[in-house]
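What follows is chain A paired twice: with chain B in the first complex and chain C in the second.
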Partner chain A sequence: MIEITRLARFLIRRILFSIPVFFGVTIIVWALMYAAGDPVRLLLAGVPYITPEVVENLRRYYHLDRPVWEQYLFWVFNLVQGNLGESFVYNQPVLQLVIPWTIETVKLQLSALALALFLAIFIGVYSARHPYSITDMAVTTLALLGVSMPIFVWGIFGILIFSSYAHSATTALFGFPIYFPPVGAHAWNYRTFPFPLFLADAIWHMILPMCVLAITYMALYVRLVRSGMRETLEQDYVLAARASGLSDRKVVYKHALRNALIPLITYVGLAIATSFAGAPITETVFTWPGMGYYYVQALYSLDFPLIMAVISILTILILAANIIVDMTYGFIDPRITVE
Partner chain B sequence: MANIMEIENLKTYFYTEAGVVKALDGISFNIEEDVTHGLVGESGSGKTVTALSVLGIVPNPGRIVDGRVIFEGENLLEKSDKEMQKLRGDKIAISFQDPSTSLNPVFTVGSQIAEVIMRHQDVTKEEAKQAVIEIMEAVRIPEAEQRYYEYPHQFSTGMRQRMAIARSLSARPDILFADEPTTALDVTIEAQVLNLMQELQDKFGMDLVMITHDMGVIAEMCKRVTVLYAGRVCETANVDSVFHEPKHPYTQALLTSVPSVLGKIKRLSVIPGTIPDLIHPPSGCRFHPRCAFAKDVCKKEMPDAVEVAKGHESACVRIDEINDELQARLKKAREEQASD
Partner chain C sequence: MEDAEYIRELETREREAEKRRERIEEEVETRGASQWQLLWRRFRKNKPALVGAGILIIILFMAVSAPFLTYIGILADPNSTQFLIDPPELGGGARALPSIFHLLGTDKLGRDVLSRIFWGAQTALIVGIVAMIISTLIAFTIGGLAGYFGGRVDAGLMVVTDVFLVMPVFLIMLLMIKILTVVVVSGFGLWVVIGVLGIFGWPQMARMIRAEFFRLKTLDYVEAARELGASNPRIMIRHILPNALGPIIVVFTLGIAYNILAEAGLSFLGFGDASTVSWGWMINMELEIVSVHPLLVLFPAISIFFTVLAFNLMGDGLADALDPRLWR
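Let's turn to the complex of A and B:
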């Protein structure tokens, strides 16, 4: 009972603290967006026979004739009512557009993160238990490469090998191509697929970007798990667990790993934030129909409502991830009580 | 008297970057059945490594390079890790020196003890929990039922030590190595824990090996004692004879560094010199650089402990020559202490 009320208090407080952060971020983006240029002129670029009245009317239609602060307040006023406005370019309610993109982004980023963590734990534990062995050296070097090479380099290598080369090699060998699709999250006609096929198709499309992302994320985790395990494996409680006859698996994966994971949580919180923020690059490389990809498109056309919608959702996701991570601390490390 | 365990020529080395640390360099002694055995020596003499070697859990970069540990007619050092897992905790247990680090901070203490019981006995979770609560009561943890669900940091140091002992006793081992169970505790709690150990020993009928650097604890708890110095055995004998007539200069030095039994004034006659570097240990008898009686012969060969009186083994090659002088010094030092 006490636990639950404490948790509720923690949540309410953290959410209240997040509100000013949210408005801080949106105000800054709003200001930058207006400094960047005039969307009406971009919209009308190349359209012949535009009279000044047309321009004026369009401005008035989008409320662009009002002072900037008034427009922002208007946006907030609508936001509170669940209305994110209409896209300049798509002429559709922004919310309808953004929801499927958000799903694609979250799906890709979280699976990549989960895969990275899963692999990093096994590799990191192995490395920690066989320090300076050949495998350890190889893995540590690769991990260094993973951190130091940016995602678009890995992405282009991945596409080159597993899509392009795989396509031509398998065609030559078997007469038909087997390759990972380098573009998109679904086949073009996926809406007609029955559910099992839909799922298989979605997974098939996700494999390449997910693995590439996982490699770049994993690098850091392998090093964190390795150094964490090197430390916890030396602890008295691990020796004590071994002394009481527990199996090797229990000693390593329960007693040592659980403690080694504690510092990792901080990084997972950070990683969730950076992975959402980094989505524009990944999604551009893989033409992935997520928030990041369309965000870049929206920036090109200065589609103000769309830019703001994506920024709002990203900010909320990152703030939520931070709250969840802080809460996880309380579960994984009993010495920390969430306050 | 039958032996429950025989340790023969045990050598455990640590292969560090600085060189090979000869933490144990051929130690031998027997642990008799139903006799509380003490293992005493300064810090760094190899007491903990002895217990870890017996259990086969010497941490990296340590290796057991030679020797035999006979238990129930078998050499433990020839057993596989899987076979040893069955013995650890179940037949041979150890309780660690520092209770605040030997319990895993992220699991409840109760579940950590239950885990050991379930590993070695065919019981359900609920039965294991009942057994844990019973053993928590045996080590006098109040409100055991509630405290079962608490984490190590929620216990006081004294309680944590008792819980750590409870864990090592949970599967009812035949022999328990208690590694400095009182070092991390203050004096009042120390007495409680020692009393408790004695009580538990009677209750569970196990053999106890008391590891300590404190001759006072040996006097109080043990019947037989082995004195270690720099990875070698100095002497093994009954506690009475060691206190009345030690047969090794190192033991004599240790004894005179004990505060008088009355404990009024703690005047420690510190042994001159420091414990030797175990990568490049002194030649011959390892104590000779600090020994008041050392002669050339002491530098030449490394002496093993041999029987010099009935049931009394000593590793001093000059013991017959120096015995009178040794006892005289001990007597003088004790008189000085008493007169303070």
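Let's turn to the complex of A and C:
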């Protein structure tokens, strides 16, 4: 009971703290877009037969005739009511557009993160237990490779090998292609699929981008797990656990791993912001219909409500992820209490 | 008689001076090495870090020699499209394969790829280093003030840092570059990219500097400096900063690697500067043909990879060399 109230207090405090940060981010973006000038002029560029009345009406329609701070407050009030405005380009409410994109982005990022963490823990623990073995050397070298190569290069050559070349090679060999799709998150007619096929189709489309993302994430995590594990395995309590006759697996995975994971969790908390923000590059390479891809498209057309919506949703996601990461500290290490 | 005494005295003095000099020289020889010498000795033992330093020297050489080599005619002009009309037996044409005339072939517009790789090294290093200098200055100001003064200043500045740490930085960088290049200023392409990378690259470093200042400001020698009447800026810059320099150098080196990757990413999305020679932009330009001619994407990709790898290896090596737990 005390635990629950403490957790609730922690949550409320963190959420209250997140609110000024969220407004800080949105105010910065708002100021940037205000500096870009009059959106109506951009909207009407190239449209013939524009009368001053049309311009005036459009300005009033988007509330551009008001002072900038009033526009911002207007946007905030609408946001609270769940109204993110109307897209300039798609002429639809932004919220309707953004929700499916958010789902696609979160789906891709979280599954890549989970895959990366899962593999990183096993590989990192293995190479910490066999330091300077051939596997360990290979893993450390590959980890450095993963950090130093830009993610889009992984993506481009991943598509080239597992999609393009694989398609032509398997067609020539077996008469039918075996490959991973390079584009999109679903087949074009996925709405007609029955559920099992729908799921299989979605996973099939996700494998290539997920693996590419996981490679770059994993590279960092493996190094953290390895160094954390090597330090922990030299501690006295691990020796004590061994001396008390516990099996090797139990010592490593039950006693040592928890302590070794703490730096990793700190890092994941920090890295979530960069990984969500890095979405434009991966999603552009794979034409993944997520927020990052459409954000870049919105930038090309300067669709301000859409830009604003994507950035605020991503900020909320990052803030939420940070709170969750801070909460997992308590589960992994009982000495750290959420305060 | 007096003269002889005088001469003897002179001789003894000279002998004493000689002895003193010898003692000083001896002391200098046996005195412990300076911090930097110690750092270098530890760094030298780290093989990967030395490899990184070696790669970095090669890339520095490429960057520095590119204008000179172009001037004396060993490298082709990176922006010249005259090879487009050269006959194929002279290695000309668009997207020509590597030949003796163009060691890495030519690109979409018939420009020499080798020359562009050399000039791209210059761009990458300038972007990485200058943007990181801007970031470091901001981080030092904000982190230093927050750590040194503490209290309300610290709380206020840390909220600002948290805002920058939490925002989806890459998206806002894209927005800012778009707005700055398209609407507000034009013709400063590369400097816009550098400025934007610098403005958004400081929060993690500021946190680190704040923690260091927090730790160092309570030490006795800082108190002594304050008692002697040193002003706050003087204490911050002359007394605390040199002792916080180690971790700053590590973050600086790793930050350069991050900036080079980020610049490549921005160029890849088409938000870089088309008028400068940039590896990321080269990839962006040749992407449409990658399934037929992957070499044109591979060369700049390898260049980015090795540059970033060099800075990462150096940063890791420096971190190991500076880590007090490994000093023994």
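By our rule, the second predicted complex is superposed on the first by the 336 of 339 C-alpha atoms of A that agree within 3 Å, B and C clash if a C-alpha of one lies under 4 Å from a C-alpha of the other, contacts with A are read in each partner's own complex, and residues count from 1 in each chain.
The criterion applied here is as follows: a residue touches a chain if its C-beta (ideal position, glycine included) is under 8 Å from a C-beta of that chain, and two chains touch if they have at least 3 such contacts.
The model shown is predicted, which means the values in this text are computed figures rather than measured ones.
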item: Partner chain(s) touched by A:I332 [first = chain B, second = chain C, both, neither]; value: first
item: Partner chain in contact with A:H186 - chain B first, chain C second, else both or neither; value: neither
item: Partner chain in contact with A:Q235 - chain B first, chain C second, else both or neither; value: first
item: Greater chain A contact set [chain C / chain B]; value: C
item: Touched partner set for A:L314, first chain B, second chain C, both or neither; value: second
item: Partner chain(s) touched by A:L302 [first = chain B, second = chain C, both, neither]; value: second
item: Partner chain in contact with A:K107 - chain B first, chain C second, else both or neither; value: neither
item: Chain B versus chain C as contact partner of A:F276, first or second or both or neither; value: second
item: Touched partner set for A:R6, first chain B, second chain C, both or neither; value: neither
item: Residue numbers on chain A that touch chain C, as the complex places them; value: 20-21, 24-25, 28-29, 32-33, 35-37, 144-145, 147-153, 156-157, 160, 164, 270, 273-274, 276-278, 280-281, 284, 292, 295-296, 299, 302, 307, 310-311, 314-315, 318-319, 322
item: Complex contacts: residues of chain B adjacent to chain A; value: 52, 55, 57, 59, 81, 85-90, 93-94, 96, 98, 101-108, 115-116, 119-120, 151, 153, 164, 167-168, 171
item: Residues of chain C that touch chain A when the two form their complex; value: 159-160, 162-163, 165-172, 174-176, 178-179, 182-184, 204, 257, 261, 264-265, 268-269, 280, 283, 287, 290-291, 294, 297, 301, 304-306, 308-309, 312-313
item: In the complex, chain A residues that touch chain B; value: 234-237, 239-248, 250, 255, 258-259, 262, 332-335
